[in-house]
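Think of it as A, B, C and D in the order they're written, each chain with its own count starting at 1.
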Amino acid sequence: MPGRNHLFIPGPTNIPESVRMAMNVPMQDMRAPDFGEFILPLFEDLKKVFKTKDGQVFMFPSSGTGAWEAAVSNTLSPGDKVIVSSFGHFSHLWCDLLERHGLEVVNFDVEWGEGVPLDDYARVLAEDKDHKIKGVFACQNETASGVTSDIAGVRKVLDDCDHPALLYVDGISSIGCIDFRMDEWGVDLAVGGSQKGFMLPTGLGFVGVSQKALAARAQAKLPRTFFDFDDMIKTNATGYFPYTPATTLFHGLKESLRLLLDEGLENVFARHNRIAESVRRAVAAWELDLVARGPEWYSDTVSAIYVPDGFDATEVIGGAYKNYNLSLGTGLARLQGKAFRIGHLGDMNELMIVSAIAGAEMAMRDIGMNIDPGVGVGAATEYLRSSRAANLASDKAA
Amino acid sequence: MPGRNHLFIPGPTNIPESVRMAMNVPMQDMRAPDFGEFILPLFEDLKKVFKTKDGQVFMFPSSGTGAWEAAVSNTLSPGDKVIVSSFGHFSHLWCDLLERHGLEVVNFDVEWGEGVPLDDYARVLAEDKDHKIKGVFACQNETASGVTSDIAGVRKVLDDCDHPALLYVDGISSIGCIDFRMDEWGVDLAVGGSQKGFMLPTGLGFVGVSQKALAARAQAKLPRTFFDFDDMIKTNATGYFPYTPATTLFHGLKESLRLLLDEGLENVFARHNRIAESVRRAVAAWELDLVARGPEWYSDTVSAIYVPDGFDATEVIGGAYKNYNLSLGTGLARLQGKAFRIGHLGDMNELMIVSAIAGAEMAMRDIGMNIDPGVGVGAATEYLRSSRAANLASDKAA
Amino acid sequence: MPGRNHLFIPGPTNIPESVRMAMNVPMQDMRAPDFGEFILPLFEDLKKVFKTKDGQVFMFPSSGTGAWEAAVSNTLSPGDKVIVSSFGHFSHLWCDLLERHGLEVVNFDVEWGEGVPLDDYARVLAEDKDHKIKGVFACQNETASGVTSDIAGVRKVLDDCDHPALLYVDGISSIGCIDFRMDEWGVDLAVGGSQKGFMLPTGLGFVGVSQKALAARAQAKLPRTFFDFDDMIKTNATGYFPYTPATTLFHGLKESLRLLLDEGLENVFARHNRIAESVRRAVAAWELDLVARGPEWYSDTVSAIYVPDGFDATEVIGGAYKNYNLSLGTGLARLQGKAFRIGHLGDMNELMIVSAIAGAEMAMRDIGMNIDPGVGVGAATEYLRSSRAANLASDKAA
Amino acid sequence: MPGRNHLFIPGPTNIPESVRMAMNVPMQDMRAPDFGEFILPLFEDLKKVFKTKDGQVFMFPSSGTGAWEAAVSNTLSPGDKVIVSSFGHFSHLWCDLLERHGLEVVNFDVEWGEGVPLDDYARVLAEDKDHKIKGVFACQNETASGVTSDIAGVRKVLDDCDHPALLYVDGISSIGCIDFRMDEWGVDLAVGGSQKGFMLPTGLGFVGVSQKALAARAQAKLPRTFFDFDDMIKTNATGYFPYTPATTLFHGLKESLRLLLDEGLENVFARHNRIAESVRRAVAAWELDLVARGPEWYSDTVSAIYVPDGFDATEVIGGAYKNYNLSLGTGLARLQGKAFRIGHLGDMNELMIVSAIAGAEMAMRDIGMNIDPGVGVGAATEYLRSSRAANLASDKAA
């Protein structure tokens, strides 16, 4: 099929040219005397992205699922009580992982479209006078439903009842895209992955770990070797690894961290918000509904969009792929057939998102949905134009 | 600037991923025993793209300008009379080259927006009873104005008066995009370049040469060494070159030829027509004028679009680049400030052209042009949708 | 430093140009309708390399250490008794993993330089009348000492006493380089990694699993999510994965599998043997000793070479890297300072290994070791020449 | 064939990884507003490599042959008298170009193995009292015979008789490898190519032009368009080009210039000399003769080596390629069958040249030449070791 694929799934995301260039390298000796000099600055820059000074960030040669497992197995023991909430495919899977690892899981099933139920967490934690609950789990951005939760709120809930449980946050589809403040929010275990905001191929799982979480290792009885923090701590100190790391990805990471920090994290977040809002304007112009039930839940990295009754979202996605080489996110689990997703995270600019909006519009019209041609693109581009103008105006004022 | 650059100049064009991949190679010995086996099929496939069985295609490590010079210097002598027509920046430059090389040039200045003046050619050739005119020059596709000329018509003019002059065609921005029939149209010297329909970086100039043109070498007195056909003929026979060739580009060419022939040339032409027509639908929806003065001149590889009086096309182009990372073609020479161009040739699909249309629309609105948001994209996408549907219908019927 | 790095560590290995080219791709949707068609043949070809028809091969986005863990956690329960032998850094680490995962480990410490102690295994297994031993672990190729063990022999030991324990083989630095016969040898869990014989970057851990081992999952109580076979089985069936896979590496794997199968596995093994023997000839000419204590233990993928008393192998390695851009393998654990290693696996030919031998020779002379200049290269090249001639002769005879 | 190709032809040369990486880019608009900022520093750095402050360096999208033609056609007129000397395939070809372009050529045929005949030049120039001779041509490094000529000597000859002729130097296989001083030596036209010391693919022809040579354009009547300096001067001033340039190569050039200047030109020259000398030590150990007839002619970029009577150098080259994947330079023209060449220019280090020496040795032994195994490598490595030690000692002293 001529022309490029238009990739708008919520990860893996589009890789910037300079990152792609940086990964076009031969293999190298990960025990060379100068290897550590290459690695150590990566850890420092990762900490900036996680917004932690006190914590440590680990890099595992795995996906985000592996990083979830690392966070859990290094800090908990079988039978430990944890609370978690499920409101989409990925928050559900994390919950599932906890159960498989023998934890006593208190799960709150939330309607898809909303996020972490702060009231429920508050109630259960307040009741837990003897601090049986060892871990509180929260998914900052549910990739399946396009819902962002209030992590600062979870911290406040813990603080309000002086609860010592560790706070675990799934930031896979948020860190590097949406504001995440590990130290300020008291996040103990923060999980990220290379193929989202870090704009890399899959293959690096990140775990930001607070000093409190590091101390918890001593009691943690879950078995771990591949994901063991101890082995990492010993070798990472000088820039090395306990087993062969994914050096190619490190070269890409060096460049993607440079890109993120050069653009400035706050600018990166503002850009994601602006691109996301342009999608929401298009959705409104199409007179369709987001899965996210209100602005407080809107995700700036992915939008899940309901198709009207009588239509099959799978046909929108399949048609977009087959006819327009556009990769949209599928509706996962209970959203299958009911919603499609536009991933708008990572290396993205105005005309990229416009092509996704135009392609989704074409695919929806192709199956007979009643949408005026160009109406979504028109709403999106007007927003993009005016928001840029506003930025410029505020730039001048500053 | 985050996100990709959107490249819609009429060359260099976007490089397909597989072509880019194919060029990521180390250097190699161009005198190796097996080098010829790699090269010979390239010549065969190039002939298919030029639609010649009788002729020979040369590859010079140069740009298209060099290929122009090769065509001229191998077949003409100082003082030879030639006819040519100028109706844009590039047809003008070819005319200029002829004058610099000491030829007696009869040039027809044509209003930009039209192409080769067949009547003028017919008149002058008919009058040339003693065949003083040795060469007839025609630009198939004027990249500056987005005008395509009728090469079969030029051949007919020559045939009608039994004129033996050689027919030189600039096919740089047409071959591999728009139908070109070297043998059927009796083209003697057909000039192409790697960075247009061949979807490669700049660096290969192609010249398709008829047997008649090859025979003309004996009398041709213009000096030539780098561009000499003789040296090429001797070495090309076994797949080698008289001096170091651009081997990296050959690896890309192998893949781009595969892509063109696998898609099928007629399908490639139809795709270019469909993409181009979607741009024209957007232009109509914007209520703007093409530089090309009528459908008979419309180019399927590039559209030059006038902005209304009182507006500066340079600002559209500059704003598109600065604000939306969109590279549009500038208005060259007398079109500067009056028109901008959208290149729609090479590796292109529906959502790529849609992003160019949307970006041009945004840039035009940014300078205050009165265009309804989304109207161009709406017209373009509707055309793209309906024309695809038609294709599908005819596919089924077949 | 000008010129290329000469990489002769026993993994990551040199990446063939065509594999590197194949991985130079943009990201793609791992849930696209045609993704499965891309993946399914990879599983089939992997089975050919593992020499299994009955088993299944899994690909985890991890290193080989992760694949070890996958093999263990899917088939064993805490407290299960296993036997293992340690005779180098990596066999020791696998043993360590078993202990960390709560297994009852019977470990045989073997002098470094020898491999799996068949007699000890035979004795213990014969004594284990009530089949308390659930797993028998063997490292086919100890990368730290350059020792290859007899896996067929381990199978025979098990068969001789009709013991039903599962047979686990670490084939990370052997599969794709040295003969490995999963079905014929009755290997139940065969572990491989992308960065050795598969000539890829680190990032894929392979586990070949027999039907018997698959059946063992039902009883296995070790926790697992990231490394769970069940999730893989369900999704792999149609060419998909339970979480985001490393698609870039799959493109490289497709090409590296093609290379291995086109060359022919037996030819790949013979090439590794021939390259390895040339190193051993050099070592003999240098009058040095291999760590491997005899031909029955010689590894065809890596040679660990003792330096004489009074010299520090670390200086050889450091000097080679600093002065000649040559990456040799360091002496790990108890071999530190006593031995250096030459990795000679993967994409390797005659003149590549010659540069390693010459560089090692230079680095040894630089620290005052008494070696005649060129003697190692002379012995190696003569062997390479004569063994090639022999091949040619046998080719003719055939 | 497994493993890498070992490339030791005298161009194209091995491309450094960082240069290769830099060229892995998409196409871009060569008329973009910020394109000039990218280009202008390239011209400045090129001038440093040519060692000119007063002159200007042009970059043509061509090979070195094209750059020869540019130098000639911009500064001379048909019938102009020039002197030149031929002592190898490439100096002969330049002479041939001069004749084809209608110049009155006085050529000195020199025995291959020696270079520019200063005495002959001195005699003829002294006799040319009325300055009929407009150009003096000298090949600094004859790639076919491995002979370097004394360009400072040619300048002295001109100065001694106050002759105003322009001095043309072919520096294709010397600039960036061997000392070249455009201003100090009063070189008026200095020709270079991308695929030699600049470590790039073929595709850029460089011409360094003195102010005197620029002034000569006014009288020069040879036709030129593609190679016209005027068009370049006008557009280069702001960093643009008269026709589509080879942007991909510019990205590589930026990096290769950085590498050359970071290493330091004098260090680059010393490195080439050291690598070359190691080859000469091997040749001496083999008891063979260089084509170059004495140290004053020895080239530091390429060594042409005679095989003894009764042996065919073509078989050495063919065997090296077929059996060891080693690309040696063939014997060109009258050296065919009599000599083979080892190119040792560009991105080269100790163990790279060692593999070439070892491979040549193997190929020579394969055809029955009487050479002790390892003797060439031994001599070369001892020289490389001792010369490095010397460098270190002098480094300490400094």
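One rule holds for everything that comes next: a contact is a pair of C-beta atoms (placed from the backbone, for glycine too) under 8 Å apart; a residue touches a chain by one contact, two chains touch by 3 or more.
It should be emphasised that the depicted structure is a prediction, and the values quoted were computed from it without experimental measurement.
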Field: Most distant chain from subunit B, judged by the mean position of its C-alpha atoms
entry: C
Statement: Here the gap between subunit B and subunit D, centre to centre from mean Cα coordinates and rounded to Å, is 35
- line: Note: subunit D sits from subunit C at a C-alpha centroid distance in Å of 45
Separation of subunit B from subunit C, taking each centre as the mean of its C-alpha atoms, in whole Å: 53
- request: Could you check subunit C for residues that touch two or more other chains and list them?
  value: 4, 14, 17, 20, 24, 26
Query: What topology does the chain touch graph have (line, ring, star, complete, other)?
result: complete
- prompt: Which residues, counting only subunit B, touch subunit D once they are in their complex?
  reply: 4-5, 7, 9, 11-15, 20, 24, 26-33, 61-66, 68-69, 73, 78, 96-97, 100-102, 193, 195, 201-203, 222-228, 242-249, 318, 321-322, 327, 329-330
- line: Per the touch rule, the subunit C residues reaching subunit D in their complex are 1-4, 6, 14, 16-17, 24, 259, 263, 268, 271, 323-326, 347-352, 354-356, 358-359, 361-362, 365-366, 372-379, 381-382, 384-385, 388
Subunit B contact footprint on subunit C (complex, rising order): 17, 20-22, 24-26
